[in-house]
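Read from first to last, the chains carry the letters A, B, C and D; within each, the first residue is number 1.
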C-alpha cells in the first residue's frame, strides 16, 4: 500500500461515488432517478479509467454511455411516462431474498476469485504497450489493423441494430 | 480441335437455358391460369421458337464441333497403319484419393470418333424432327431441355476417358431415358414404363459399378489406359485372376443398357415415350452404349474368352428371341422396339465372336436406318392422329408418300438388301461368326435375318399397302421439319455401308481398319473368297425370302381389322399354343413377375409390416414418448418470469465460479 | 517553490483568469450587447435607461433575478427541479478548460501554455460535456411536471443529440488534418503553413463544408434561433424552463450564454486558426497578449454572428430541423470527412 | 503487483483495489438485475454490470501495459450501444401491447 498520494485520493472519491450511486440506482424506485444515479456512477468509472491510463475510454464512457445510451433510456422512460415503480409490493419473496443472496454470494466469489487470480503473465502482449501519455494514435492504429475485421463487423451490427430498433418501435408493421 | 469439353458442354448449356425458361414460363402460366400444365394447350409461339432454337442450336453446334474434331483425326488416322494416338484432354481433377486421381478427361480415338459421328448427326436430326413432332405439346420446353440433357450425357459417355466418367454419362442417359419415357407423366402406363426402364437399368448398373471396381482392382486405374495394360497382357498371353468376373459384371451392365437377355423387357415398354425419343434414345444412341462399352473393354474380354463366348450366345439368343416376338406385334412402335432388341443382339453376337469392328459397324449403320424407321413410324402416327395399331392402318403409301418412301428404304436397309447399309454390316457380322467357326451362331443369325426381313416388311405392308382400315383415309403428310430428317436418314441408310464394303466386293473394309487401333480382338480365321461370296448370297437370299413371304401374306391384305391377313391368321390358328405364346411375347413379363417381382414384393411387404412398422417405428415412437414425458415434467420450469430464469442462470454461474475456485 | 505547487498555482491562475474574463466581463456585457443589437436590428433603441447607454442593464437584470421569488411548482420532482439548472451550468462552465486562448506565455521563468488543461482527448472532452448538458434540459423538462416543459426537454435533447453527430463528424475531419485531438496542436497546425500557397491553413478553407456544418450545428447545440425549438414560445410557452423563475431561470440564462461563448471559441479554434494570425509570430509577453487579443476578436465575431442570426432569421419547424440534421448534414459531414481524408492522404493539407 | 512496465508509470493505487471495486459494482448490478421488476431498471443494472467488466478489462490492461484490454472495452461499449437501441425498442413495443414494463406482469411464455 503506497503512501497517501493524490492519485489515491482521487481513486477513493471516484470509487466511492461509483459504488454509492450504483447502490442508489438499485434501491431507487423512480426510473428517472436510477438513470441519473447510473450517470454519476459512470462518471466515477470514467475517472477510474483515467487513473488506469485510458483517458480515451473515459471520454467514450461519458460521450457514448452517459451522452447517448442513457439519454435514450431517459427518452423511453419519459415516453412511457414511468413514474413510480408500481406500488403493489413484490409478490415473490423467494425470488427477492434468493436473488439478493445469490447476488452477494456471486459478488463475493468473484471478488475472491479475481483477487486470488494470478497476476496476468508479463509474457508476450497481444496488443502494443500502452504508450504514455498519448495512447489514442496507438489505439487507432490497432483498430484499423489487427481489429479491422471486428471493427467492420461491428459497424454492420450497429446498422442492423438501428434498422431493427426502427422497425420494432414503428407503430404498425406494414 | 483443342476444346473437346465444349462438345458435351454445349448441350448442357442448352439444357440449363431451356429448363430455366420452361420453368419460369410454366410457373408464370400457372399464375395466370390454374395449374401448370394444360394438356393440348400449345405454348406461345415465341417460347416455342426459343426452345427450338436453343435445343437444336446447341446440339447442332456440338455436332459441328465434333465433326471439326473427328474428321481431321479420322483422316489422319487412316493414313498411318497403326492409327493416330488418341487425343486425351484433361479438364480438371474430379476426385483425388491419396496419389490416385480421377480426372474429368475427354478422349478422342477412332472408337469414340465413330460413336461421336452418328450420335451427334442423328441427335441433331432428331432434334429438328422434334420441332415439328412436338409442337402441339404443352411440355415443349421440358421436352427439349431433357433432350439436350440427354445429348450432354451421351456425349460425356462417348468421350469419357475413364470408366467413372463414362459411368456418369451412363447414368445420365439412364436418367434422361427415364424422364423422357415418363414424359406423359399424366398417363399411368408411361410412368410405369419409366420406372420399369429405370429399375431394369439399375440391375445392369449394379453390375457396371462392380465391374468398374473390379477394373480398378485389377489394373490400379479406371481410366482407359487400363485397356493398354490389358492389351499388353493379351500379348503376354496371361489373364489376371478375376478378369472373368469383371468381364461378366461389365457385360451385365451392358445388358441392362442395351436390353440384352432377360433385361430386354424395359425397351418395348419404353415406347411409351414420344416417338423421337424412342428413335434417339431407344434405337440409335443410348441402347448402343452397351456395345460401345464392350468394344471399349475389348482387350479385357479377349483376356476372358469364355466370357466373350457367353456374350455371343446371349446376343444371338436375344436376337432370335426378340425377332420371333416381333413377328406377331401389331403396335408399329412395338415391332420396331423388338427389332431394335434383336439388332442389338446381332451387335453383341458380333462382339462375342470377337468381331468388335463388325459390331460397331452395325451400331453405326443401324443407328441410321432404325432412327429413320422410328421417325417414319412417328410420322405415320402423327398422320394417323396417334393411332399406333397397324391393323387400323394400311394403304397409307399414297397418302404420306415421303414417309412411305423413306421407310421403305430403311426397311430394305435393315432387311439387308444389297447395296444398302444394313447388308454390309449384317453380313460382316455373319461372316465373322462363320469365319471364327461359330457355325451355330451363324445359322441363328442367318435365320434371324430372315425373320427380320419378314417382320419389317410385314410392318411396311400393313402400314402402307393393302386397303385402308380405320381412319387411314384422311391421313396427312407431316411438315418439312419431320420429312427432311427422314430423307437425310434414309440417304445415310443407303450410303453408310460404303465405309465397310468387304475386300471381296472390291471394297476396302475401311471401318475395321479404322477401328483397329482402339479395339483388340482374337484372331479371326480367314475365309476362302468363294465361301464368303456364297455366304453373302445365302444371307441375301434369306432376306429376300423373308420379304417375299411378308409381301405374300400382307402385301395386298384387305382383311378386317382383327384378321388383317387371312393367310397369316390361318397360320396363326394352326400354330396354336406356340403362336399364342409368341403373340404373348413368350410371357416373359409374366414370368419375371412370377419368379422375381412377386417374391421380392412379398419380402418387402414383410419387412415393411413386420420389421419397419413394428420394430423401427416402435423404437422411434418409444423414444419420442419418453421425451414427451420428460418434457411434460420439465416444462414447469418455464415459469415465464424472466427473473426466475435470470436467477437460475446466475445460480449456475455461481456454482461454476465456485467449482473453478475450489479446484 | 516545489514544481507541483507551482503547477497547481499556475492552473489556479489560468482558471481564475478565464472565468474572471468570461463571467465577470463577457457575460454581463453580452446581455447588454444582445439587447442593444436586437434594438438596432429591430429599429428601436433597446435598453438605454440604466447607466450610460444602459450599460448597467445587465447588472440590473441580474439583481432582479436574484430578488425574484423562486417558485417550485407543486408535484414537481423537487430534487431534480433543483439540480437540473446546475447540470446544465457546470458543463457549460468547464468547457473552457481545453480551449487554448493564446500562445504560451513566458512568466516567472517558466513557459506557461495558455490553456487550462491540455488533455490528450481534447475535443472528446468538449463533446462529453455537451452531452452531459443535455440532461440539464431533459430533467428540467421532466421535473417541472408540465407538458410544455416536458416536450421542450425532449425536443431539446433530441435536437442536441442529432446535431452532435453532424458536429462530431465535421470535427473529426479537423483532427484528421491536424493529426491530434489536442486543441493546442490543432491551432499550431493551422498556424503552421498555407493552403494552396496563398490562404492561411485555417480549416475553414480546406474544409469549408465541414466549417459550415459545424457552425450551423453549433446554433442547434446552443438552442439558439433559428433552432430554438425547445423554448419556442409560440408553441411551448417557454419550453423546458417554463416552470423556472428567479435565479434558477438565471442559471439557464447564464448557461445559454456560456454555451454560446464556448461554441464561438470552439469555432474560432477549430476552423479559424484560434489565436494564430498569418504573419504573427508571438514572442515574449507582448506577443502572447496579442495572440490572446486575436483569439478574443475571433470569438467575439462569432458571438456577434450568433446574435445577428438570432434577431434576423425566423424559426424552423421541428421536422425541418430533424430533416436538416439527419438527411442533409450527416451525409454532408461524412462526405467532408472522406474528402479531407483524401486530401490528407495526397498531402494537399 | 503494480504493473511497473517500461513505458508505463508504476501505479500509485494497488490494482487489486480496482478489481474489488469492479467486482462489487458487478455484484450490485447483478442484484439490481435480479431484484428490480421494471424492465428498464433491469436493463440499467445490466449496463452497470457491463461497465464493471469494462473496468476489470481496463485494470488488467493497465497491469500488463497491454492496449488490447482497452480495445476490448471499446468494442463492448459499441455493442452495448446497439443492444440498448434494440432492447429499448423492444420495451416500447412491449409497452404498446401490455401497457406495462413490469416483467412480472409479462409472463406469457409459460407452460
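Just so we're on the same page, contacts are C-beta pairs under 8 Å (C-beta built on N, C-alpha and C of every residue); 3 or more make two chains touch, one makes a residue touch a chain.
None of the values given here were measured: they were computed from a predicted structure.
K.L.:
Determine which of the two chain pairs, A-D or A-B, is joined by the larger number of C-beta pairs in contact.
P.N.:
So, comparing the two chain pairs, more contacts are at A-D.
K.L.:
Sort the other chains by how far their Cα centres are from that of chain C and give me the top one.
P.N.:
Between chain C and the rest, the longest centre separation is with B.
K.L.:
Taking the mean of the CA coordinates per chain, how far is chain B from chain C in Å?
P.N.:
So the centre of chain B lies 89 Å away from the centre of chain C.
K.L.:
Hey, how far is the Cα centre of chain C from the one of chain D, in Å?
P.N.:
33
K.L.:
Report the inter-centroid distance (CA atoms only) between chain A and chain D in whole Å.
P.N.:
Averaging C-alpha atoms per chain gives centres 4 Å apart.
K.L.:
Between chain A and chain B, what is the separation of their C-alpha centroids in Å?
P.N.:
75
K.L.:
In chain A, which residues are in touch with two or more of the other chains?
P.N.:
If we look for residues of chain A contacting two or more partner chains, we find 56, 60, 68, 75, 92, 95, 99, 102-103, 106, 110, 135.
K.L.:
If a residue has to touch 2 or more other chains to count, which residues of chain C qualify?
P.N.:
none
K.L.:
Any chance you could list the residues of chain D touching two or more other chains?
P.N.:
Within chain D, the residues that touch at least two other chains are 30, 34, 37, 104.
K.L.:
What is the complete set of touching chain pairs?
P.N.:
So the chains that touch one another pair up as A-B, A-C, A-D, B-D.
K.L.:
For the complex, which residues does chain D have touching chain B?
P.N.:
Listed in rising order, the residues of chain D that touch chain B are 30, 33-34, 37, 42, 103-104, 106-111.
K.L.:
Which residues of chain A touch chain D in their complex?
P.N.:
1-2, 5, 7-8, 11, 15, 18-19, 22-23, 25-26, 31, 34-35, 38, 41-42, 45, 48-49, 51-54, 56-57, 60-61, 64-65, 68-70, 72-73, 75-77, 79-80, 82, 85-86, 90-92, 95-96, 99-100, 102-104, 106-108, 110-111, 114-115, 119-120, 122, 125-132, 135, 138-139, 142-143, 147, 150, 154, 157-158, 160-162, 164-169, 171
K.L.:
Mind listing the chain B positions that touch chain A in their complex?
P.N.:
Result: residues 641, 643-644, 647, 650-651, 653-654, 657-658, 660-661 of chain B touch chain A.
K.L.:
In their shared complex, at which residues does chain A touch chain B?
P.N.:
Spelled out, the residues of chain A in touch with chain B are 92, 95, 98-99, 102-103, 105-106, 109-110, 112-113, 116.
K.L.:
Quick one: in the complex, what on chain A touches chain C?
P.N.:
Listed in rising order, the residues of chain A that touch chain C are 30, 32-33, 36, 39, 55-56, 58-60, 62-63, 66-68, 71, 74-75, 78, 133-136.
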